[in-house]
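Pasting the structures in now, so scroll down.
In what follows, chain A forms one complex with chain B and a second complex with chain C.
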Partner chain A sequence: MATFESAEKFEEVLVGFFKLMGETPAIADKLLASKLIIRFNYSDPDLVVVVDCSGDKIDVRPHDKETKATVEMTMSADIAHRFWFGKVNLTIALTRKEMVAKGPIPKVLKLLPAIKPSYALYPEYLEANGYGEYNILKKK
Partner chain B sequence: MLPEFFEFYNPTKVVYQVGIATDLKPELDIIGKTKYFIISDHIIADLGLVDKVEAGLAEAGFEAVGRFLDVAQDARLNDVKKCADLVKASGAEGIISIGGGSVIDTAKAVNIMFSAGGDLVEDYSGAHTLTRPLNPHIVIPTTAGTGSEVTMVAVIYDEDNKEKLVFPDKYLLPNLAVLDPEMTLSLPPKMTAATGMDALTHAMEAYVGIQASPVSDVFAVGAIDLIMKNLVRAVEQGDDIEARGGMLIAATMAGISFTHSMCGVIHGMAHAVGAHFRVPHGVANGIFLPHGMEFNFEFIYEKLARLAPVMGEPAEGVAPEDAARNVIAAVRRLTSRLNELGALPIRLRDVGVPEDSLPLIAESALMDGSSFYNPRPMEDEAELLPFIQNAY
Partner chain C sequence: MGGYAGQLLYIDLTSGSVEKKPLDMQLARDFIGGLGFGTRIYLDMIKDNPEVAALAPENPFVIMTGPVTGLKMDGAARWTVGTRSPQTGFWGDANVGGFFGAHLKFAGYDGIVLTGKAQAPSYIYIDDDTVEIRDADAYWGMDTYATDERMKTDLKGQSKRSGQVLAIGPAGENLIPFASIINNKRHAAGRTGMGAVWGSKNLKAIYVSGSGKVVPAQPDELKALKEELKEVYEESIFIEALKASGTPAHIDVGIISGDVPIKNWLISDWEGMDDIGPGAIDEKINVGHKTCYGCTVACKKEAQVKEGPYKMEKGPSPEYETVVSFGSLCLNNNIESVAKGNEICNRFGMDTITCGATIAFAIECFENGLITEADTDGVKLNWGNAEAIVAMTEKIGRRDGFGAVLAEGSARAAAKIGKNAADFLTTVKGLEAPMHDPRSAHGYALAYGVSPRGACHEASLNFNVEGGAMFIPEIEALSMELEEHSSDKRAELNVACQDYGMFFSSCAVFCNLGSAPLNATQAVAMVNYATGFDYTIDEVVEIGKRVWYLKRGLSNLFGARAGDDRLPKRLMTMMEEGPTEGSMPDMDRMLSEFYALRGFDENGVPKKEVLEQLKLDDLAKLLHGG
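Up next, the complex of A and B:
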């Protein structure tokens, strides 16, 4: 069974987290340096989110299917959720097709060290914003 | 220690025999197609190797329905597009590539457009974006280095945007790799040395890489063993068919290993000096390999030590640090010997790299996709400068 009961809830949780990342200098500065525009295509539940790092600040745009993205990442919402806990190895996920990446893969791989602090941030964010039920670390 | 996860997938059939490139009927009968388009380059064609393969095909009842020989030193996007149009118009049912890495990578990319249609960059940039098998691709390598005959990657240079595009996809694995040492006999000593060092670097980086597995290790160690026994022989005596065969098999084994466990920062460096100063890939790998092993030493010495017997170094009663240093010393002796033979430069300063460019090389190498898989994690280009200065 999917972790998120609805697209609305998944959007609320994920977009809120992306915005928090965009306001966290340790993460945002490196993302902005990449200048990448990344479109995430999620399934089960379905959601499209663009994270635009091409400007002066990170712009998170749900439902943006129009902007030409540098990189498109396609995955299930559950894989995305586990990824932000640091529980998904990106290269393994690509090999197993749990994630499909279109665009310059080396640039995506280079972002991994930049987003590493987010793995600790995500469970804290869930707890602090009333989404504790989705904290897989707490369940264990 | 076992890896958390690994996958081994190698559907490419590999055949080896002296002269087999002109006797492919049994293998082609199994594939079941009769019309093939040949992709090669003018150097290979001028050596008569394309005619030789075509004659063998005709004798066995297969048809070569077209040729594309304009592959440049780097596999180029515009060539891929031109060639794909020719292949589509030829009525071919499959592709035979005859050449080194550029030819093979060009053929892989052509096969995407030939089989799946669409635009190569718009539709297929990324990782594992193909959704179904491509038309048959038979590879006959004429160098012993690239390993592309058994890898799932094509690297294509986009000359308009001046960037290298990487296409990793399981469906790019060729159907058949034909290892015929006769096809490498005309490779000059310098090319033999450079491509051989490319193969050794593939094997070494795959062996110590963060995605190495017990299965990829078997191929890496086997490749290193064959290279240490055959590379100098093949350089010194180009018509030594056994040494040529050993190198050809080694390059393929190294390819199988690194397509699973990937390369590291040494390849990142080689890509950087190749992009900025046109240093041939194998030469660059030969220059950087011992310095890269030193750079990674603290992270790899225990595993590297296990290579000592393969490198002809003592292992019994030797501390792992010392055994690993002996392995690096053996690599240095190999590159020095190739240098004495006039076949391999061993300093960056000898291949046209200006000293004031070293920070630029460090920056490019750090951004290279290969460096991500390096056993020693790197965050700042300043970490790489001593490594490059040592190689200079």
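Up next, the complex of A and C:
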């Protein structure tokens, strides 16, 4: 069974987290330096979110299917959720096509150190915003 | 028949005899190539003298290519070496990239079997049919870079085409037990001390030049497969990452799961990591790309440090294993010093994993007061002291002062240092563990434990499959779902990774990196199109199994027993925080399941009937009598 019961709930949780990342200098500064525009295509539930790092600040735009993205990332909502806990083996996910990435992959991979603080941030964010039921670390 | 050159060279350095024997095609069918040939031939040669010492003239040394070696394809440049290891005392082998294997086949040989000991420093000159043992006095004492350059200059015009040099450095000459053999300054037969065996034979180098080519049996089918694989490679992010940053690309991924060891395996996260990660490497030291024969992946990088204490000329950039062993393992965030350590190891001809891990071990001894500056000739072996790390690397290569203690590797150094130094060891069967933490993936623990050559992530395909770089959907055990931080199913996984892995990287000799996108159907098809044989997946797995038992059996013959399959305390200590917090491989369970699956007795020796079923009756007799 999928972790998120609806696209609305997934959007609420994820977009809120992306915005928090955009407001966290340790993460945002490095993302902005990349100038990438990343479109995330999620399934089960379906959701499209663009994270635009090409301007002065991180712009998070749900449902944006129009902007020409430099990178397209496609995965299930569950994989995305586990990823932000640092609980997805990226090599396995990419080899087995549980995650599909299109675009300048070396640039995307170089963002991994930048987003590393987000793995600790995500469970804290869930707890602080009333999404504790989705905190897989707590359940464990 | 295609793929093979069709001959093996037998060279006895004591008598100076050179014999060319046609390749036995039944051997080819039954063992495919590489260490399939190597282990079978080696066992045949030592069966009357199974006590043979690693550095004795009687210890044979095999150099073997595979049927795909030298085909102009991605990941098809590799070849193998094997013999009894002076470092572990057990079976030792290495899988090497570069150009030597391809050129050996161009000269008309699938492999070389070396025996004996030359009376004086010698090198072997091969130019197609011309094979000579020559005086190497002019090269003895030279590092591998100088040997490569000087020999190519000296022999220019003598051979029909420009040749390849495979050489040892001063470490091999001085019998350092983890000495390597180097081709083209960068491609190393790194692990288990193969270079020391050459040194013991007074063999400095082999120069090979060939004017032939490798002709596949079914060129049209092979061409079509190459075309099909183009799309597979284009879609592979693993390959794209290798192309961009080489093997250090793994640092950014591995640090998330706790795979990257830090501070001699004591912690799993460190603020200095980004300073030695792929971004920093690309920005600070990398200046270009290099590749192996015929491979477009080009994962080898070229580095240069233009000024400062770690100045180095343009040359090989450190691989992932070296970045971690000289970097995070020693809490050293100075990437230029890591590049310098890499250069020193390559020049002297030393395995960077063992060398870096031994220095990290020594640092912990120093920090804990087991050794002092009085022992280390004044070198302050503190965590992160880049200057000391580089200085000690050089001292090891020269066997100078305390360097002579560490030149024996960490296990023997611990015995010499005494007290509780053994607590800081990371060795299995005397071989230092590679830079992948088994607490992040429990199957690695079993893989390190039961590997015939000691702690090694490339001794089977376990690292590639459990780590995720390879996915083999045709074989159930290589495509099953695995629970994170669990020891469940790891015995079954390891058996499958050993059997298929022996076919893949030991016999056919595919590259574990450049050929990682191949599934089993594609890999077997490539071997069939190269050779003209009609192997099935089941058949190559059966051959792989036979070769794995040969390697294991050779190590058993040399004394390996169940106690040697255990991991050191350091790797079996639970992390208190970080991605692997609370994760501990269940070695008792995994070993018990593995022994049952493999048909081992309680001593860790394959039972007689198991070996006989695999048509290894001679090995069964040697191990069990009768």
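Operating definition for what follows: the second predicted complex is superposed on the first by the 140 of 140 C-alpha atoms of A that agree within 3 Å, B and C clash if a C-alpha of one lies under 4 Å from a C-alpha of the other, contacts with A are read in each partner's own complex, and residues count from 1 in each chain.
Please note the rule applied: a contact is a pair of C-beta atoms (placed from the backbone, for glycine too) under 8 Å apart; a residue touches a chain by one contact, two chains touch by 3 or more.
Here the structure is a predicted model, which means the values were calculated and not measured.
Chemist: Could you check whether chain B and chain C clash or fit when both are placed on chain A?
Modeler: clash
Chemist: Just to be sure I read the superposition right, which of the two partners does A:105 touch: chain B = first, chain C = second, or both, or neither?
Modeler: It touches chain B and chain C both.
Chemist: Scan A:96 for contacts with chain B and chain C and give back first, second, both or neither.
Modeler: A:96: touches chain B and chain C.
Chemist: Could you say whether A:87 touches chain B, chain C, both of them, or neither, answering first, second, both or neither?
Modeler: Touch status of A:87: second partner only.
Chemist: If we overlay the two complexes on their shared chain A, which of chain B and chain C does A:119 touch? Say first, second, both or neither.
Modeler: second
Chemist: After fitting the two complexes on their shared chain A, where does chain B collide with chain C, if the options are 37-45, 55-63 or 181-189?
Modeler: So the stretch of chain B colliding with chain C after superposition is 181-189.
Chemist: Intersection of chain A residues contacting chain B with those contacting chain C?
Modeler: Of chain A, residues 89, 91-92, 94-96, 101, 105-106, 109-110, 112-113 contact chain B in one complex and chain C in the other.
Chemist: What part of chain C is in contact with chain A in the complex they form?
Modeler: Listed in rising order, the residues of chain C that touch chain A are 236-238, 240-241, 244-245, 249, 252-253, 255-257, 273-274, 277-279, 467-471, 484, 579.
Chemist: Inside the complex, what are the residues of chain A that reach chain B?
Modeler: 71-72, 89, 91-92, 94-97, 100-106, 109-110, 112-113
Chemist: Give every residue of chain B touching chain A within the complex, in rising order.
Modeler: 4-5, 7, 125-129, 165-166, 168, 211, 367-369, 372-373, 377, 379
Chemist: Which of the residues in chain A end up touching chain C in this complex?
Modeler: Chain A residues touching chain C: 86-87, 89-96, 101, 105-106, 109-110, 112-113, 116, 119.
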